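Working notes for the structure below.
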Amino acid sequence: MVTLIPLLPLVGFLLNASFGRRISKAAAGQVACGSMLVSFGVSAIAVWRLVSLPTESRAITQAVFTWITSGDFNVSFTLRLDPLSALMILVVTGIGSLIHIYSTAYMHEESDSEYARYFSYLNLFAAFMLVLVLGSNFLVMFVGWEGVGLCSYLLIGFWYQKPSASDAGKKAFIVNRIGDFGFILGMLLAFVRFGTLDFQEIARSLATLGPETTFGTLSMLTLLLFVGATGKSAQIPLFVWLPDAMEGPTPVSALIHAATMVTAGVYMIGRNAVLFGHAPQTLTIVAIVGTATALMAGTIALVQNDIKRVLAYSTVSQLGYMFLAMGVGAWAAGIFHLFTHAFFKALLFLGSGAVIHALAGEQDLRRMGGLKRELPITYWTFFIGALAIAGVPLLSGFFSKDEILYRTFAGGHVWLWTVGLLTSLLTAIYMFRVQFLAFHGERAQGAPQHAAPEHSAPGHLAPSNHRHLHDVPPAMAFVLVVLAIGSVLAGYVGVPGSNRLERFLEPSFTAREAAGAERAEAATDSHLEGTLMVVSTAVAMSGIGIALYFFLRHRRAADEMALRFAGVHRVLENKYYVDEIYDQAIVQPIRIVSEDGLWKGVDVRVIDGAVNGVGDIVGGGSEVLRRIQTGSVRVYAVSVLLGVVLIVGYYVWR
Amino acid sequence: MPFPILTSLIALPVAGAILLLLVRDDEHNEALVRNIALAVSVLVFAETLLLWSRFNAGSAEFQFVERHAWIPEFGISYAVGVDGISLLLLVLTGFLTPLALLSSWESVHRKTKAFCIFILLIESAMMGVFVSLDLFLFYVFWDAMLIPMYFLIGIWGYDRRVYAAVKFILYTMAGSVLMLLAILALASLHNAATGAYSFDLLKMYDLQIPAQMQFWCFLAFALAFAIKVPLFPFHTWLPDAHVEAPTAGSVILAGVLLKMGTYGLVRFAFPLFPRAAAFFAPYLALLAVIGIIYGALVAMVQPDMKKLVAYSSVSHLGFVVLGIAAMNTQGVQGAVYQMLNHGVSTGGLFLIVGMLSDRRHTRLISEYGGLKRVVPHLVAVFLIVTLSSIGLPGLNGFVGEFLILLGAFRWSPRAAGFAATGVILSATYMLWMFQRVNYGPVHNEKNAAMRDLSPREWAILVPIVAMIVLMGVLPNIFLRPIGPSVERMLNQVRQGAPVQIQAIRN
Amino acid sequence: MLFYLFGAVAIVASLLVIAQRNPVYSVLLLIASFGALSGLYVLLDAPFVAVIQIIVYAGAIMVLFLFVVMLLNAPHEDTEQDLLRIAGGRRSVAAGRVRVLGGVLAAALVVELVWALTKNGGESGVFAGGAVSSVRTIGRSLFTDYAFPFEVTSVLILVAMVGAVVLARREPGTRPGRSRPSS
Amino acid sequence: MTPTLNDYLVLSAILFAIGTAGVFVRRNLITILLSIEIMLNAVNLTFIAFGRALGAVDGQIIVFFVMTVAAAEAAVGLAIVIGLFRHRESLNPDSFSTLKW
Amino acid sequence: MFSSFIAIVPMCCVAATAIAAMIAEAFREPGERMPIAPLGVIGLVGAGVAAAALWNSHATSFGVVVADNFGLFVTWILIIVGLLSLTISAPTVEREGLPQGEYYALMLFAIAGMILMATATDLLVIFLALEVLSLAVYVLTGIRRDKPTATEAAFKYFLLGGFSSAFFLYGIAFTYGLTGSTRLDRIGSLIAAQAASPTPMTLLAVALLLVGFAFKISAVPFQMWTPDAYEGAPPAVTGFMSTGVKAAAFAAFARVFLSAFEPLRGEWSGIICVIAAATMMLGTVVGVVQSNVKRMLAYSSIAHAGYLLVALVSANDVGKGALLFYLLAYAVSNLGAFGIIALLDTADWPNDQVRDYAGLWTEHPVLAGLMTVFLLSLGGFPPMAGFIAKWYVFSAAIKAGYYWLAIIGVLTSVVSVFFYLRIVVMMYMTPTESPARFPEVPKLAGAALVVSAILVFYLGILPARVLDWAAASISTIF
């Protein structure tokens, strides 16, 4: 049964990939959505059955087949449903289904074969993502891990004729590969250390051990895995691919680059909570990296003009939060935020997609404005999403983010907490900046100073400012509304005090035997939590206020600020020049060294030079030696005599 | 006497070649010639499958052994046999040869008969290399294989074919002649030890070889194999040979010929000279790791698709050598597996590049672009093969690479660490090439009219893709027969060099 | 004493043979040298060989040489000027070098041979034993012990005859145009 | 002061060396052939001297064979010289160097 | 009484045929065609049969000729050489209008001399045989009198041959002086008696004999005549002398040095090693830049002399057969290659430049194929005879401990492959400029080449029997 969950989308993929060209769009869409919905249904049933099991043995394991056997290395393709993965499959199939449905409308202008291709990729993604979350060992997880990377590559580069899109896809894949480099080494080290790659067995073998106090094998191992996570989840230093990934169709951004795939890193840490828990050094690093990423991405998001890029940096920032949570050992809080984030960020992306759809591909915030009237559904749903992410009380983002900040503070990481709070302020500001710039005010008529990336999907007409805009078609509207409801309600699974989610997830974060010991630690201080809640609510509100001031009431003030801090603004606008630095410091040197140093230098000149040099020496020697053969018989006679003299001389004088 | 299936694997292609010799060489017979050759090669493939089905996967010993005295005075015998390591390489050879023949269907019209004859002769020699259990016999096939390949490159190749062909043959010979001397020295030692000459591999395994002799003989063997693999810095013949060879030549060259080097390391160099192997393994690994990174970096900047794939072979085979140098179960098994993978996926890449160059008569990446719009099916297959080459889990490349890295990591984490960068780099150069060829707008008019895959080309590519997926998803089918033989070989090496192996482990 | 006389004559005559430009003189001087050698043969109790030396060698073979020299009518070897005229200055330098190098090597050979022969006293001592020089003994030995080599020489002479005829006879005239390429 | 075997051997060695020198000192084909004759004669002297020292006739008999060989060689050699002269009207060995390198 | 003649029967067969050929020529009308070559073939086959009958008999004649297996093996090689040479000569003789009777008679005399040289056990007889074959070959070299190069080649060969045979004779003189005999067995026993401290004169004898043989086998530095003579001679003759003379000379060389002078091995092995190394290197290195195929093969034959020297110097229980087997393999391959050159020779253009071979494959695929087989065999590729031969030689060298010689040997053979392949490249990979420059191939000569190609493969694939014979043969001399 668990096998069916990833298998269904895979079947959908195969159908669409094989016959997609020959069937109609409707059929292709139905196949794709159908397989996802059925998969969701199966997931729901599976989760229901899981929940009905007693807490102590809440896991369904299904070994599909033995995958690789080599000596003592034996990996079976095993899927395992436990509370953590249960939550994830619900997110993946649920939000996945919604986005499939949304896409049927959003991608409608593509040609038949492209449409089928799109859905086949999307199905394939879902299949791999489900494998990722269901995998019971590192290697199966890695299959999904890489598979989603592949699909991300394919979908980012979906409009392959646009060089920027295919570049972005390639960049995503390669940056992810850098992370995978760490992940692979981490797996290797794990196998060498534990003799297995199974999550359960690793956790069990660690249960009796205390955390590592120095930077030892476990720290190394977890750090390597974390490198993998930074790649997949776009953390410093590997976050650069995610903003570019916005070249893909917007539903893809929503599904892959907001709701599911990018959270894989967080999920992976959660999955290995016991392991990471034994490596406090790594956790510190995770927390710091997460926080730094959150802050950095938040600042960048402040000044970006492309609506999807703002959302992308926002995603990066929120992912930073999740890592912060993981870093301070608040596993459940991190997963909680992952869960809520999936809803509101998917909502925001799909909302922005609706805007872009309506504006025929326009993504530049400066050319939007006043859409509130024309796109009411989009407006309101987007507004709910913005409120949720900003951390307005009683919405989902509030609870999850607050949980993280509380845990951080409670864990004694005051500095991290401070930065987290600051980021929370930024979140509110940039989110409402988007809200205000896009939906309020008047539509800007003139072209902006410098052109934003033009996103024109094939089939879309050039943006026309005078066309009457239609709000979203029903399929999209339905999805937006569902997600909006989700964004409001998702937080209530883990309202402070009840800790339902935490308790549900707990078996996944603890090795069986040690469950009791960890539980004691998880006691909460409700008084402190209340105080902090007030603080963060205030921060969120002030953020919205600032946004209101600068971007709705006094836009001129925003421009003045930008002018006054022109340097800072430029740095932020150019995303701290990270791409440029990478290009100059890594990419170009490698290319130059490879081309001029290794290929044309070492290969052609040194090695082949040596090889040909041997040939030349032989040839040259040949030319010299043949000259001895002058053609004069007297010279030949001298040669004979020379031989005689030498041989006789050897005997006479030796 | 049971049916001499291994001999028939060697003899059948030769018989086919002789049959072809009898066919009159003119225009009308071209189809006949091709069909005969194809039929023979398919038959051989079927026979390899038959061999596999009869093979006892649980046994580590050589099976289907045939032994006939050949030059009895020197203990040279015609001794053939297969174990798990060679079995699959035979299957691979049988698998790729018909595809190579098919790939030449439209590109080779000149001297078709000779072309088919040479392909069949190569097949025979390759089979011979993999089944030989006698060092002399092995060397005979090893050297004999050079000639038809030389002609394939030299006659049906591209512009600089003569240079490439000569470079290929001289480079390879220069390495292998020293191996010949080492073989002779071994036989001589056997004579000194037992009073009789022998070139029998199994007897050589039991021979106590003094340390210093191991040292030199290992060097000689390793040089021959390193050139064949090719290991950095002995690789420069490869790009030339690959680029200039016709598609079929490249496929066979990359698919099978290069494996002879790594096969030789596993079958001969390591088990025969365990102490020297233990001593040299770190150096081999060093070269392998350099090769992985170097090959990848150089591949990245190639303007020519074939050259790019050629350098990628340097990188991939670096992995194989690394796995062998690690000398543990996962390393060696992964190495053998990776040999198969590389045969399939690089063979596939060359086939695809060949198809492109059949259509456009250029291999320069810059000449292409936007093909996905024009030939979507071709590009789809191209993508799968590319991903296989990158080592995407679920496809074949990953299994081998991971096992090798695991083996290497157990032996030397540092080596594995450096080697793993190949994972990043392979993605970089392959995807970059893939992107430049297939994505973007069609900026070159000539590409706009390209036709998509023909039924013949489907027939070539479908088996490749099927193998890629099968080997990625169910690797155990292939790993199972490999396992016992690898263990036996490892035991041999460990017994021969207990101290050193231990020392290096740390 | 006679030994030194004959020896000196042989050496001097031989030296003059190779010092002469004119081949006619060379041949005549060589005959003189052969005469001296036959004297030495007599000293070595080999009168029969000495006689043969004069009759066959000096008489027949040398006359053949002389005959050819006359036939070809080219008594003088090319001078340096001739050579320069033939093929530029470079060759004569090379030829000069050859002459010097050859001379040095020949001298070295003499030194080596003499050194080897006189080292450790060499084969010193007066001739021992009785001389065997009767023609009868020689004849018997020649046709018994040496019968086979004797037959072989007949083949040798046959080959030489055939060869000389093949090489030196006039063109049969079948293809006259090619017999004398422009020189 | 009776000459010893060694004296004869040294004498023949000197003659032999003179013969070798003649081969490249002279630029005349005839003289070169004569030089080879000098060498053969030097060898003959050695044979006879050894024969005398050994007290056997073998040395003398061998000399007969050598003479035969010398005659045969001379015949062929002179024939070749005549052939050469026909082509080039020259007896200079250095003018026959078409074949080289 | 009759039994004392047995050993010379093969030689006499050939010599008698030669004389018969001359007589036939005498009765030939001008322009009349007489089956002289077939006559020679009959004589050679008769000699072969005689040799076969003598196998294992170890007959001696006159005490100076012995029909031991060694000699008989070489005799067979020589007969094969002779048969092939006669066959491939026919087109040349026909086209050039050479005097048939004399040509074949000389060739047969040369073969008789070679057989004698290989079977003689007396230095004097060896010398005489050497002269017989040399004189015949000198004449054959220059037999195309109308060609200045042919006469020049004959002259160079003759002059240097005479020069070096004087050294050889001088060596015989010293040997005689030391031992009082020219018979190898007596020399051997006397040398063995004083082997511990050889006198300078003994060494002088060794040195001078060595020079004489080294010249005939064209070892460095006595190789200078080889390229010129090979280039100037008609290709069929070149093939003949590059194989036959070498085989005969090596046979005598081996017989003298491995039996009579065996006790002094320590004295001469070093020098032969150096010569072998120099010969292998010079032959291959200079061969690389040659543009004339005959000249290139001349350098190749120099190199092969080096390998043969390696076989000679490392003759031991492994290597004992190596020399003979190598001679056979080399003879067949090399003669085959020269045979093809001979067949391509035309009246107005010799077709002996490397570039002349361009497009041969298109025009004469069979000839090109045969040429490839012969060249690859010379280069030492399996499954051709040359490979087994080289393997045998190198294994002997390894066994004898001459690792460095073996290494030089294999490396030079790699270099030599380069120039063999140059011809292959021309034949197969270079487009033709002017078509139809090649003459028709006479059936018989073609068939002979096919037979030798088959022999090349036979020796390469199933060498066991011949190897056994070779090993058994040479063990009769030491």
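Note that the chains take the letters A, B, C, D and E in the order they are written out, and that residue 1 is the start of every chain.
Everything that follows uses one rule, which is that contacts are C-beta pairs under 8 Å (C-beta built on N, C-alpha and C of every residue); 3 or more make two chains touch, one makes a residue touch a chain.
Model, not experiment: these values are computed from the prediction.
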Legend entry - chain E and chain C - chains in contact with each: A, D
Legend entry - Set of chains adjacent to chain D and to chain E: A, C
Inset, instruction - Taking the mean of all protein CA atoms as the centre, name the chain whose own CA mean is closest to it. - result: B
Inset, instruction - Please work out the Cα centroid separation of chain C and chain D, and write it as a whole number of Å. - result: 4
Legend entry - Rounded Å distance between chain A and chain D, as computed from the means of their C-alpha atoms: 97
Legend entry - Whole-Å separation of chain centres (CA-atom averages), chain A against chain B: 37
Inset, instruction - Calculate how many whole Å lie between the centre of chain B and the centre of chain D, each centre taken as the average of the chain's C-alpha atoms. - result: 65
Legend entry - Per-residue overlap in chain D, given as positions that touch at least 2 other chains: 9, 16, 19-20, 23-24, 27, 33, 49, 53-54, 56, 58-59, 65, 69, 72-73, 76, 80-81, 83, 86-88, 93-94, 96-100
Legend entry - Multi-partner residues of chain E (each touching 2 or more other chains): 124, 128, 131, 135, 138-139, 142, 145, 148, 151, 154-156, 159, 163, 177, 200, 203-204, 227-228, 418
Inset, instruction - Return the residues of chain C touching two or more other chains; collapse runs of consecutive numbers into ranges. - result: 95, 98, 102, 105-106, 109, 113, 115-117, 119, 122-123, 146, 149, 153, 156, 159-160, 163, 165-167, 181
Inset, instruction - Would you mind giving me the full set of chain pairs in touch? - result: A-B, A-C, A-D, A-E, B-E, C-D, C-E, D-E
Legend entry - Footprint of chain A on chain E - complex, ascending: 155-156, 159-160, 163-164, 167, 200, 203-204, 206-208, 210-211, 214-215, 220-222, 224-225, 227-228, 267, 271, 282, 285-290, 415, 418
Inset, instruction - Sort out for me which residues of chain C touch chain D in the complex. - result: 1, 3-4, 7, 10-11, 14-15, 17-21, 23, 26-27, 30, 33-34, 37, 40-41, 43-46, 48-49, 52-53, 56-57, 60-61, 64-65, 68-69, 71-72, 74, 77-78, 82-83, 86, 91, 95, 98-99, 102-103, 105-107, 109-110, 113-114, 117-118, 122-133, 137-138, 141-142, 146, 149-150, 153, 156-157, 159-161, 163-168, 180-181, 183
Inset, instruction - Using the touch definition up top, name the residues of chain A that touch chain C in the complex. - result: 630, 632, 634-635, 637-638, 641-642, 644-645, 648-649, 651-653
Legend entry - Parts of chain C lying in touch with chain A, wherever the complex brings them together: 94-95, 98, 101-102, 105-106, 108-109, 112-113, 115-116, 119
Inset, instruction - Using the touch rule from the top, collect the residues of chain D that touch chain A in their complex. - result: 20, 23-24, 27, 93-94, 96-101
